[in-house]
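Both complexes below contain chain A, partnered by chain B and then by chain C.
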Partner chain A sequence: MPVSAFLARLDAASPLLLWLLPLALLPLWVSGQRVTPVPAIRAAPSDGLSRAIGRALSLAGVLAIGGVILALAGPYRRGETVTRTGIGAQVSMLIDRSGSMNETFAGRQPSGGEESKAAASRRLLGEFVGSRAHDQFAVAAFSTAPMLVLPMTERHTAVRAAIDAIDRPGLDYTNVARGLAMALAQFGTGTAEASRVLLLVSDGAAVIDPRVQGQLRADFAKVRPNLYWLFLRTKGSPSISDRPAGEDTPQAAPERHLDLFFRSLGVPYRAFEVESAEAVADAIRRIEGLERDPIPYTEQRPRRDLTPVAYALSALGLLILIAGKLVEADLRRGRAAAAEATPARGVSRERRAA
Partner chain B sequence: MLARNLRDRRLQLLSGALALVLLTFAAAPLPLTRTGYEILAVVDITGSMNVRDYRGAEGGPASRLDTTKAALRALVAGLPCGSRLALGIFTERRPFLLFLPIEVCGDFAPLDGTLAALDWRMAWEGDSRIAAGLFRAIEMAESLGTDLVFVTDGQEAPPLPRTGGPPFPGKPGAVRGLIVGAGGYGLSPIPRYDDRGREVGFYGETDVQQENRFGPPPADAESREGYNPRNAPFGSSAARGSEHLSSVREPYLKALAGETGLAYAHLAGPGGLLPPVAAAATPRPVPADLDLRPFLGAAALALLLAVFAAPLLRAPGSTSAHHVPRGKKV
Partner chain C sequence: MRPGGTTAEIIYLPRWRPAGSRVGAHRGRDAGGLGTFRDQVPFWRLPEARRIDIRATLRDPFEGTHVRRFEARTAVEAWALVDLSASMRFRGAADRMMLASQVCVGLAGSATRIGDAFGLIACGETLRDDLFLPATRRRGRALDMAGRIAAAAGAETGAAGLVTAARLLVGRPKLVFLISDFRWPSALIEQVFAALALHDVVPILLVDSAEDEGLPAWGLVELDDLEGAGRRVVFMRPKLRQRWIARERARLDELRRIATAVGRAPFRLVDRFDPEALSRHLLTS
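Coming up: the complex of A and B.
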């Protein structure tokens, strides 16, 4: 990675503390070493090694203080978006919140151990979310009006919180057209980076106003999602494939005509007509299986905490300073001490330094 | 020699600093509990919330709903991590839950996105029966185990009958929380939209119901013009009033707050919700981590500065044997 690109992504959690950094210059001016009075500085011969050691000790002090201040400011490298390839998809869920979703598949109010259609979808969709790490989800609900519940996100806990709300009492009608428009808008306006899935979960259909049909067709052509319709059919109600006995109009058989509309869109489309919770589970498994293409997905690499690096620099400076202190000689008492002591390595080095 | 060096005060300080710095690599964050909140926010998205009687960020007019959204987004950003927020919208006579509580830090992006996308077009019906909606929102908060923040302008549509609104069926104070009154104190016109969502002017006096004529007629009905007990119990002339204009109905909201045991606060602008919410909501312990490294680092810095600043602090010109300015380092 180029150095400039790396530097551009550096940041600090509390950058104001960096104003303390001039304190790190203190060691250039003051030494931590013992000071010995000598009558004249010229008395000692000029020694390159001494100067080098003195300079190294000053720099070590700068490093020690600067490192700690830097660490206190909490340096980090900003997160970045990297594109990888994995198994996953962008799934925009459109969930029917009309009142009939709170009935069982038999069309009754749930009693005892019975599960409503909404509760079954809640349980099974909740399992679907998070079964694959790289899926992104958006949730929209619709009854009379479409409601944006969650925008496209990879935070699966949030998506599950939204799905957990779908078995709450629903509203009145099933107005699918505006809901579809909102679910399509959830993919955003950009070009497709991942495979896009529009999952419609409903227990009924409604007539799509011919005036809206044109706009919806255009939107589908632009977004090009794979469309899945999980049709939770109540027992005894018309099926997608049933032709009405009388006139075959959208008003007489809205389910059949919604299916025909979906077929005419020119996007990959499958309808799953299910009449029990087991069938819902099976349909969701099949959708998962169909969306198995490797797709590029963007991953947000989290920011990296650089505080330990700063502390490590400080520790290095401190180690040098301590080494300097340990081998330091006291010239006034040093002669006497040196006479007693065996000529240790530290002492001889210190002599040279002096 | 070495022993003498070991006794050196500055060596001891440096060793202490080194020990503290090395400790930062071993110190695990200390788990502790912090005060957080669990809130169900229910936002009124009925027509009167479109009234533009706030000032926006650029100084232009801003609608009550936009200001509410901005205030809630600021609230979410300001709540301590570990707090959770559920969101519902209100219209007609009931709240509609969008999602169960979501953590405000980790899941901030989707939460913020949903708040930004709140729209009056999500409303499924035009009525605005505030009291009924509030009572059911309180029930909802109770079932979720959260506190309630209910944002509304308090304008009942249709107007309440003379006999007053429905009584509160629950136990006052069982759910804690806050009613937030949105809107200015002066009357403002309510924008009107056509069936394709385009603004087409404002409501006029005859466009809305000015008086609730369900139930028994008021006591003064007999003195009204054209009063007839059977054919015109409310008088014969159309009701006049200012229901087509809107202001925040503070006395009504305060009465509702008193009846239900909630607190009341006025929404002054696109911020400032955190203090009243924190005052009204139940503080809940949420797990948090305390990073010990700044304390260790600060102590190490203090020791280091002591080492290097000590010679400076000594009186200059002192004849101490150990201090000769600019002496040669050895």
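Coming up: the complex of A and C.
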């Protein structure tokens, strides 16, 4: 991250205290060391190590004072939303909540170790959600009316919770048209920044009113999602491709006509007709493999308190200063020797006074 | 340091034969009066019948008459030139100004005791008028002024006034004690010694063991130059200490080289003023 961007996000809780910061320059003039006056500083040989230590001590003083002032001002880094690019897709799931989803693939109420279609799709979709970090999901359910479960988000925990809820006992009918409209609305109105996937999970189909079809076509043309239809077919029920024995009307073969409708939309479309949990897993894996495009995703960074860092810097400076104090030597250590001479000097003073 | 005690006596011998008519303690250039036998001269050179050397006259095969001559005892002027630059305020093992004052008091006492005049000039960058003493034989005044040196606080950062001071010492050669730590640029040292070249100059180098042998082997010292040349942290370690002492030695050698070219070798006064040591130095150098 560029330094300027980092600096731009710095702030302080009480910025007025920062006016004291010039005080941190004091150690450049004043030293904490005991100052020994010498007749000529040139007597001391110039020495790189000493110079370095001297600078380090000054800097440590600056650091100690500056750090404390900074810490008192309470610095922090503002929270932000970072946009990054990862591999993934925006997935809008549209899940059938009709009553038949609570049956097994064999069309019975689940008993014993059996798994209902809803439970199987819950399990497998849950795995799908966790598998890639940067996918964004929206979940909508539909039966008679569409239900907004979760808007587009990248919080996979919430998505998984939403998916966990889809094996609640379902309601009755299958009104796929309004569900599709809602699922499309989940993508928002903006232009596509990533590949968009509309995943329809259902175990049946319904007639789409020709009046609504026009609206849906327009929506699909605008959003242009990749459409996947995970058709959980109950054993014995008609397949997507089965032509009905009698009249080929949407009412007689809604699945086939929904498929035809999807094909006619002009968006990339694939239908997976699955009759078992394994097949569902396989289909999901294939969808996962198909959707590998870059996606911009946002990341929330919380506000970070930098006070401990400032205190740590200050403590570091203080430590260096203390170390400097501890190794301090007295140039006039010879005072002990001078003490012997002192009586003589005292005498001489007396004599002069006399 | 009243020059009553024998230890405080500084004995000095001028290196030259002083001229002059004032009677003093030193062997003068001129002959005259009573005193130490000097030589014999023909009567015609010194027609003084009282001094006829009968022995020499009888011994002379050419029958010339010889007269004895005696050395005149002459007084000299002893001057103390005291450096009052800020570096002299240094107090290490000893107070440097106190040492300078002791030397001055010793000189004042010793000089006036034997009838020599004592003069004092103290200067930093400029002359200090309040510490100027024209050569005087009056003991009290000389001692008083010499004692005042101890309390004189130098604040000036140079010693260029010594060149001016040297110009004040005109006339007959004088015995000049140059009391300083000689922390000068070597150009100034040469200049001062050149200006004093006519005189018998005794450099007295004030050394403190704290800035020489007494340096600590290890430790961090922040040095502050008394003459305002800045402040510096020095990390003492045995190697640096050696270099430091070596530099001091080199400085002393340089001073000795310059001083001996025009006068005597410098007397190194370390920590404590010992008049006997100074006397020995003065008699031997």
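Keep this in mind: the second predicted complex is superposed on the first by the 216 of 354 C-alpha atoms of A that agree within 3 Å, B and C clash if a C-alpha of one lies under 4 Å from a C-alpha of the other, contacts with A are read in each partner's own complex, and residues count from 1 in each chain.
Here, a residue touches a chain if its C-beta (ideal position, glycine included) is under 8 Å from a C-beta of that chain, and two chains touch if they have at least 3 such contacts.
Everything numeric in this text was worked out from a predicted model, so none of it was measured.
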Touching partner for A:A44 - first (chain B), second (chain C), both, neither: both
Touching partner for A:G204 - first (chain B), second (chain C), both, neither: neither
Partner chain(s) touched by A:T157 [first = chain B, second = chain C, both, neither]: first
Chain B versus chain C as contact partner of A:L148, first or second or both or neither: first
A:Q33 touches, of chain B and chain C: first, second, both or neither? both
First (chain B), second (chain C), both or neither touched by A:R168: first
Touched partner set for A:G66, first chain B, second chain C, both or neither: neither
First, second, both or neither for A:L321, with chain B first and chain C second: first
Which superposed partner A:P75 touches (first chain B, second chain C, both, neither): neither
Greater chain A contact set [chain C / chain B]: B
Intersection of the chain A residues that touch chain B with those that touch chain C: 31, 33-38, 41, 44, 50, 54, 57, 327-331, 333-334, 337-338, 341, 344, 354
Of all residues in chain A, those that touch chain B in their complex: 23, 26-27, 30-38, 41, 44, 50, 54, 57, 61, 64-65, 67-69, 71-72, 74, 97, 139, 141, 143-151, 153, 155, 157-159, 161-162, 164-165, 168, 171-172, 307-308, 311-312, 314-315, 318-319, 321-322, 325-331, 333-334, 337-338, 341, 344, 346-347, 350, 353-354
Footprint of chain C on chain A - complex, ascending: 31, 33-45, 47, 49-51, 53-54, 57, 324, 327-335, 337-338, 341, 344-345, 348, 351-352, 354
In the complex with chain A, residue positions of chain B that touch it: 1-2, 4-6, 8, 10-11, 14-15, 17-18, 21-22, 24-25, 86, 89, 96-103, 106-107, 109-111, 113-114, 117-119, 121-125, 293-294, 297-298, 300-301, 304-305, 307-309, 311-312, 321-324, 326-330
Chain A partner contacts - residues on chain C that touch it in the complex: 1-2, 5, 87-94, 96, 98, 102, 105, 147, 181, 183, 208-211, 214-216, 218-227, 229-236, 240, 243-244, 247-248, 251, 271-272
